[in-house]
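Chain naming follows the written order as A, B, C, D and E, and within any one chain the residues start at number 1.
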Amino acid sequence: MTHLPFDFLFLSIATPLAVALILTLGLPKKWAQGLACVGFMVPAFIAVYLWMRFSHVPQYHTYAFYNVYDTGLGGLGIRLALGLNGISLSLFVLAGLVGLAAGLYALQSKVERLNLYLILLLVMQGGLMGVFASVDVFFFYFFHELALIPTFIMVGIWGGRDRNYAAMKMTIYLTLGAMLSLLGLIAIYVKSGGPQGGIGSFDLIYLRRELLENPLPAFAQKNIFGLLMFGFGILVSLWPLHTWAPLGYGAAPTSAAMLHAGVLKKFGLYGLIQIALPLLPLGVGSWNWLLIPLALGNVLVIGFVTIAQRDLKQMVGYSSVMHMGYAFLGVAAFSIVGAGGVVLMMVAHGFSVALLFLLSSSIYERTQTFNLGQMGGLAQKAPVLAAFFVAATFASIGLPGFANFWGELAIFVSLWSVSPWVTAGAVAGVIISAIYGLRAAANVFFGQPSAEFTKVAEQTPVVDLRWSEKMPALILLVALLFVGFWPKSISTPLNAALKAIYPAATSAVSTPVANK
Amino acid sequence: MAPTQLALLVLLLPLASAAIIALFLRRQGALASYLSVAACAVLAGAAFILVFSNQRFTAAFDWMQLGNLTISLGFKFDDLAALMLVIVAIVGLAVHVFSLGYMHDDGSRGRYFGGLSIFMFSMLGIVFADNLFMMFIFWELVGFSSWLLINHYMEKQSAADASKKAFIVNRVGDFGFLLGIIWCYSALGTVNLSKIALEVQGGSVIATAIPLLLFCGAVGKSAQVPLHVWLPDAMEGPTPVSALIHAATMVAAGIYMLCRIEPLFAAAPAALDGVMWVGVITAVYAALCAITQSDIKKVLAYSTLSQLGYMVAAFGLGRLSETQDVDGGKSTILLLAGAGVAMFHLMTHAFFKALLFLGSGSVIHGCHHEQNIFKMGGLAKRMKFTFATFTIGVLAIIGTPLLSGFYSKDSILLLAFEKNRLVFGLLAFTAVLTSFYMVRLWKLVFLGKSRGESAGHAHESGFSMLLPLIVLAALAVVAGDPRVLDLNIFRGIFLEVPDGQYHEHGHHVVFITSLTVVLVGGLSAFFFYKSDDKDTLAVKVPGVFGGLALLKASPDEIYNYYVAKVQDRFALVLNFLDQIVLSRAIIRGTAGFVGLLSLGARALYVGSLHAYVYWFLAGAALVWGFAAGIF
Amino acid sequence: MTIGLNEYLILSALLFAVGFLGVLVRKNTLVIYMCLELMLVASTIALVAFSRFNGTLDGNVFVFFILTVAAAEVAVGLAIIVALFRKRGTVQVEELNALKN
Amino acid sequence: MNADLVSIAQSNQWLALTPELLLGCLALLLLILEMVLPKKEHGAIPLVAIAGQCGVLVGLIINYRAAMHGYEIFGGMLRQTASGQFMRVFFVLCSILASCLGVIALARQKVPKVEFYHILLVVTAAMMLLAQSNHFVMFFVALETITVGFYVLVSYFRTNPLSLEAGLKYLITGALSSAILLFGIVLLYGVAGTPALPGHSVDSMNFGALQTFLAANPDNFLASVGIVLVLSGVAFKIGAVPFQIWIPDVYQGAPTPVTAFLAVASKAAGFAALLIFAQVFVAYRGVVVSLLSTLAVLTIILGNFGALTQHNVKRLMGLSGVSHAGYLLLGVVASFSVPQAIDAIYFYLVVYLCASFAVFGVMTHLAGENDADQELAHYGELARKNPFLGAVLAIGLGSLAGIPPLAGFIGKLLIFIAAFKAGLGWLLAVAIVGVVLSIYYYFGWIKAAYFPGPTTASPSEDAAEQPPAIAINVPMTVVLASLALISVLLGLFQSPLMTWIATLHY
Amino acid sequence: MHNVLFYLFSALTLGSALAVVSHKNTVNAAVCLLVSLLGVAGIFALLDALLLSALLILVYAGAVVALFLFIVMLLNPKSETQKPYKKISIVSGVIGAALLGLGLCSFVARGQFSTAPAAAVFHAGLKDYGAMLFTTYLLPVQVVGFLLLIAMLGVIVLSKKFEGQEDVK
């Protein structure tokens, strides 16, 4: 059904995994690196290629490039169905590009046991491509876990300070979140079998059709949505279930942090947008009383916490937590605008936070510290690095011209129908993020170099961003600017898909659901 | 070329220039500067063609669409936009050319000219914007370019701080602006400027809060009290930047935006009063502050604040109309529109303030980056052209008759006189102060003896710097001429501005007041201040000086107090709650508790067979309980 | 009063309980093992009684198996105890708790 | 004699028991070989055992469909079922793997070798019979054969007092549970044979007859006491709380191959019995379900909590095995209303087999002189010392933890789906908590094997001195690699196993 | 007569069982076990299972108890110097065992048995046992054979001295 010579989606998942498998054989270093490079590039190119082809191919229930494989659980309604719709398309591209950037950055970094590092990263990459290419909810979850496991291991082996504790905490938290959401997904699956207890299916196309015709009872929707909300919430670091995130990102090696914070974390939100909201249209309304305060907690409380950070990586980690608050608010708004905003936000945040992690690591390489108080004046020595970092910072604080702005704007607009006060709270976050973002940039790059940095710079001369670092950074930055200047590249397919699967949402906009 | 394409060219040219500089010309400062200036020149030419060929049009295409939210990228090129375009193009070109000389020896010229180009792009975006979303987008972008340019001397801590402050304070204003836009969008279903006007004329009820929230944006961008704190600090940037961004164009964008949404204010008149009082307070306050400043750029900065207050106040005064009996029926004739007057002053101010800033730039450049006016003096001899043009600027700003500032200030005073006498009095007082501090500045800088090393070795600037001065000086003279107001191309905006034919009543009062204030302020300053390296006011009347200095310092103190003692401490408290209470105490506590449970569970396996047999006994009891139906 | 099934069952239960008591209180592994044998035998009493009162022979046949199994168990068990005694020099339960926690 | 007995004698279809008989003969053959072969050829005897078992396995699989499903043989002693057939294969597989591990482990100890395989084979045959048993006598005898065999196997390393102590503990607790089980059997026998009651049977120890009787007497107190006592005996085998108490001590003291066999085969035998009893006792589902639910909850909680801070890996495997028994119990409880749960249990068992033996295989290789002393700390830098063993360990543990894409995840998922369908909300919640806890200790183990220790000072020094490698021979490499591979492949492609399990339905 | 014998044997069984539990001396305990088993044999006889009664005496008294005594002598634990049990464990043990006994007896109260005398009295001979063992229960018999074999092997493995290794002490 793909109308392409062969299944690109499958290829994009299989290539990195296959390369990882080959790497376990222990090739010579040059070969291994070259092969890994191919493993990272193939998905990225496929992603971009499919994005360009997307509007030219016929669609099967809003899914393009649709293909089904049976792995043996077909009798239970579990099949490996691959396809892209307007929602997953952009995230698929995000995964491909961030994966490429993370891979390239890993290739140039001087980590120990590089081979293992690359293997884990490739597995992660394969999983990520799978998450967004899956039409089957089970495989959606499955690939997420596949990508998650290498994260833990990478934090544990190559992590910074506190890596043991961080790896453990991350593991426990994320497993808990994953289990809760799995429970929710199983609930949907079981219920989709109908009251007579038919087999049911994990296939999203089936689920949408089935649950549109026979919606679940309200209380079931409420309970299942609650499970998904908290499960996914933990995965996306919903306040106050977020404490794993800054710690984990603070400790994670760069490429892992890039892939996790940039892409993998979006799994939860993607699940809410693609699965929970359309299938459980009554669910979000009954949870808004809780979801909105928590999401505002993300924005405002964590916003202030971010201001207080003195460690660059921690700050980036916290800022990522804060921005997830916007996304949750967009989910709470439950409208096409809100959901679209969330997707835009995910894509943009994915690129920008990956870029920030990458640059933080490059900064560390030059200053030997993450402590903001011990830096300063780096821009004189490394102007290109400074330019990239400033661009990333402004992207993450939502400057127009970068993709992030569109997501935030759409979410803010959608929030008005929920409550003007909530909108005001969310928009206030824009000020907060400007404060910490600019502060960090100023602390690192501007003013006079601190005594510590001067000492470090004497020992090892500071060089500007090398090309091997610049390439991955450029990929991310160009993507941010591209979407920022041409948001339609994402929003047009997104809009079409949302319109098709959010029949209930359009009515919810006119009747605000919160504040009862 | 079709006008739309031309407009697109105007808009995108500087962007292209910025992109090329950023990508390829970072190290080729000279090339970058030529490219940037060339781009600016071409765009200025195109702009002039657009404006003077009297082509007015609207055009739009969808930029992003989600559900029922459509954000379009469009041009609304009416007379108002044309006027603004002309101002931006002229001042922009002047500053570009001036920078060629001023920044000639700067190591990061590439970045500087790239920044200028980005700024031009963003500013033009605001000018052309046909809807509020688009305006907001470019609004933010000018904020960014302002940040970039203030931060130009980035190794200076003060510059880094100032740029940060400018952006953040602007964001506070934008907070309200964005909320206002969203509210407006949900109330009217559109943010297209033309459609808003139609909606309002169609009788849509507008909540007073909407225009007030939108005004917040202007408060930030145009540095009105209480968000004015960033502008004086922004003088850390290179002086041409101050001229372009922080005097002539960007800060005026707030006024421009207000004029754009004037129909909303017309529908919610209560909002206008608030706007007016903010403007008046800013005007008076900033003028008072300007008196104590010793930094040449700071004086001009406060003067800018004050003049911006003037414009905002003018806008806030609103429309002045009169009902007349015409052929038996009654008809309302619009006599004076605050928006038009404000734009008029905006235009004249743009020219003479840019002139003053560039002049001060020339002075600073000549004095080897000395900015303290008490270390200058006697520059009239050494820098003749600069002196002459600067003098014209001073005369224009204090409202000397026949110069541009006189006309625009006069029409504001006239409007105030008709609408609100208290405001009139305050604005007149401001005018006194204006001429007082401007003459003080002028005298201390140019007359007397050189008081400083650098002033002693001052030299006249080169041609590239003088040419803009001369052009701007000419404009400062003629821009206020009534014939300009009569130009057909700006009819749409200047129609209601009195063009020399003063309205009957009030005319004389206002005229006399104008003259008086200029003379009183100017002469008192001229004779009061001595050419000395100490502030005469501080020496003679330390009480007043201290009071004024306190007045100036207190908002900064409050700002600093807020940042250090409120915001940062609050952040620390929340951080404590997050990292210590939540992360350590609660989460780790839970983990520890689970660990204890686990130790307990492990301790069950005591190793003694007897204990294990008891387990079997317990198990037997348990299963028996199930069999007996106890459980 | 005739002796019925109940009496036999009670006897069986009591013997079972007494055996269990021994397992619970005795420290000597050998005695514990004897008590376990008592418990097995207690079960066989019930088995034989049921067999008798239900009129089926299977219960009695089952006892054959139980006795055989018990004998085998005793052999293995005593071998373990002896081996342990050789290693540790004791058969007291409380001294045999090297494996714990 | 009389026609009845003759017909019964005719039902003694020895052919149907070929695998068990072959195993028994193989066991005897080993003893004979020991006598006839010269001393230095004794090394070949284990290979004969393994090869013979492989032959049996192959034969079993080839003749998999030859069994007459639902047909009672040996006078009702045995009942051939598809699931019995499945379990036979399962046990032979376990036995092969345990033999392989035995080769490694026994080489380090000064103990007789051949008897180990002999007993292993007999125990395996008994397990196979247990899984097909249809009569309490058969059941009891098979069970006792298993148990007595394990007494010997657990204390097999008799030079190690810990092994003997474990044997003694297993002996006492095992005998105790046998006594309890026996009492339950006696009660059921008695009550089902009571002539006064409806549906009573002459052959009241036959499961079919018992099932009929229980259906006719749905609330007989004596029967329910018998049922719960029998279930307690089974609970001892599977290690369900509160009859799990012996597990850590015995697992720790027993030789590692025996521990593996105990953990997998013995537990599976318990579940095979439990599934049979679930059918037999179906009329008392109220009692059985509530009892098993409670046991499942307690088992999951206590197993996981106990394992959480455990640092002896054998005890850890024991306690985590307890929690796995809990998940499987969850499936058993669900199977009362959702037949699909049975598939899930079988799938889970296979997955558990692969993963556990993979882990135990690594443990066997890492065990030192003292087999009982296997600490987490010994696993430091395993991934460097022997990357292969490290990878096998990680895959095995990951599968046990239920991490996608490994097979353990699919196993848990199937169980959870079944439980959800059965509406076991609270049990499911407990299971989820258990899974999260289990991640901690499994991951902690992987951590110990993979993550650089806190003491590693500088990376350059590390690279200089490679830690001593751990030797592993080629056949074991193949075995462990295939276990790991199956653990991975079953996570990705379940079709082979699922279609196989699906044949259990007819 | 039947009744009297029943009580006699019951008392003998339970009494000597209690003596097994309580007697300090292991040898005496073993002897008490023998007595108890004799009581059980009597009960078997009362239940018309004469063959089993004989078997019990043969197997248990003849083999098992002898084995016990043998081991007890072999190990010669110093039972005289040590208390056989702790006081606290007696209390808890008695309570526990009493509970167990009560629980097991509870079916008498709640059971649906009639206390009617035995139903059809049968006199199974050796032949009947043999017929059953070699037809219906043929398979278990075979298995038990293997069970005995592995038990034997186990005992050998655990007890035999092997060359090249010596025991501690």
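Rule of thumb we're sticking to: a contact is a pair of C-beta atoms (placed from the backbone, for glycine too) under 8 Å apart; a residue touches a chain by one contact, two chains touch by 3 or more.
Bear in mind the structure is a predicted one, so any value in this text is a computation, not a measurement.
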Set of chains adjacent to subunit B and to subunit D: A, C, E
Length of the shortest touching-chain route, subunit A through to subunit E: 2
Central subunit by CA centre of mass proxy: A
Leading chain pair when contacts are tallied as C-beta pairs: C-E
Chain whose average C-alpha position is farthest from subunit B's own: E
CA centroid of subunit C to CA centroid of subunit D, Å: 26
Distance from the mean Cα position of subunit E to that of subunit D, given in whole angstrom: 30
Distance from subunit D to subunit A - Cα centre to Cα centre, in angstrom: 42
Whole-Å gap separating subunit A and subunit C, where each centre is the average of the chain's CA atoms: 64
Residues of subunit C engaged with two or more neighbouring chains: 5, 16, 19-20, 23-24, 27, 29, 32-33, 49, 53-55, 58, 61, 65, 69, 72-73, 76, 80-81, 83, 87, 96-100
Interface hub residues of subunit B, defined as touching at least two other chains: 602, 605, 607, 609-610, 613-614, 617, 620, 624, 628
Subunit A: positions in contact with at least two other chains: 172
Which pairs of chains touch, using the document's own definition: A-B, A-D, B-C, B-D, B-E, C-D, C-E, D-E
Of all residues in subunit D, those that touch subunit C in their complex: 136-137, 140-141, 144, 147-148, 151-152, 155, 158, 161-162, 164-169, 171-172, 175-176, 178-179, 182-183, 186-187, 189-190, 193-195, 200, 202-205, 248-250, 252-253, 372
Complex interface listing, subunit C residues touching subunit B: 20, 23-24, 27, 29, 32, 93-94, 96-101
Contact footprint of subunit B on subunit A as seen in their complex: 169, 172, 240, 243, 247, 301-302, 304-305, 307-309, 335-337, 340-341, 344, 377, 379-380, 383-384, 387, 394, 399-401, 405-406, 409-410, 412-414, 416-417, 420, 423-424, 427-428, 430-431, 434-435, 438-439, 442, 445-448, 487-488, 491-492, 494-495, 498-499, 506, 509
For the subunit C and subunit E complex, residues of the former touching the latter: 1-22, 24-28, 30-31, 33-35, 37-38, 41, 44-45, 48-49, 51-55, 57-58, 60-61, 63-65, 67-76, 78-83, 85-87, 89-92
Complex interface listing, subunit D residues touching subunit A: 340, 391, 398, 403-405, 409-410, 413-414, 416-417, 420-421, 428, 432, 435-436, 439-440, 443-444, 446-447, 450-452, 454, 459, 463, 492-499, 502
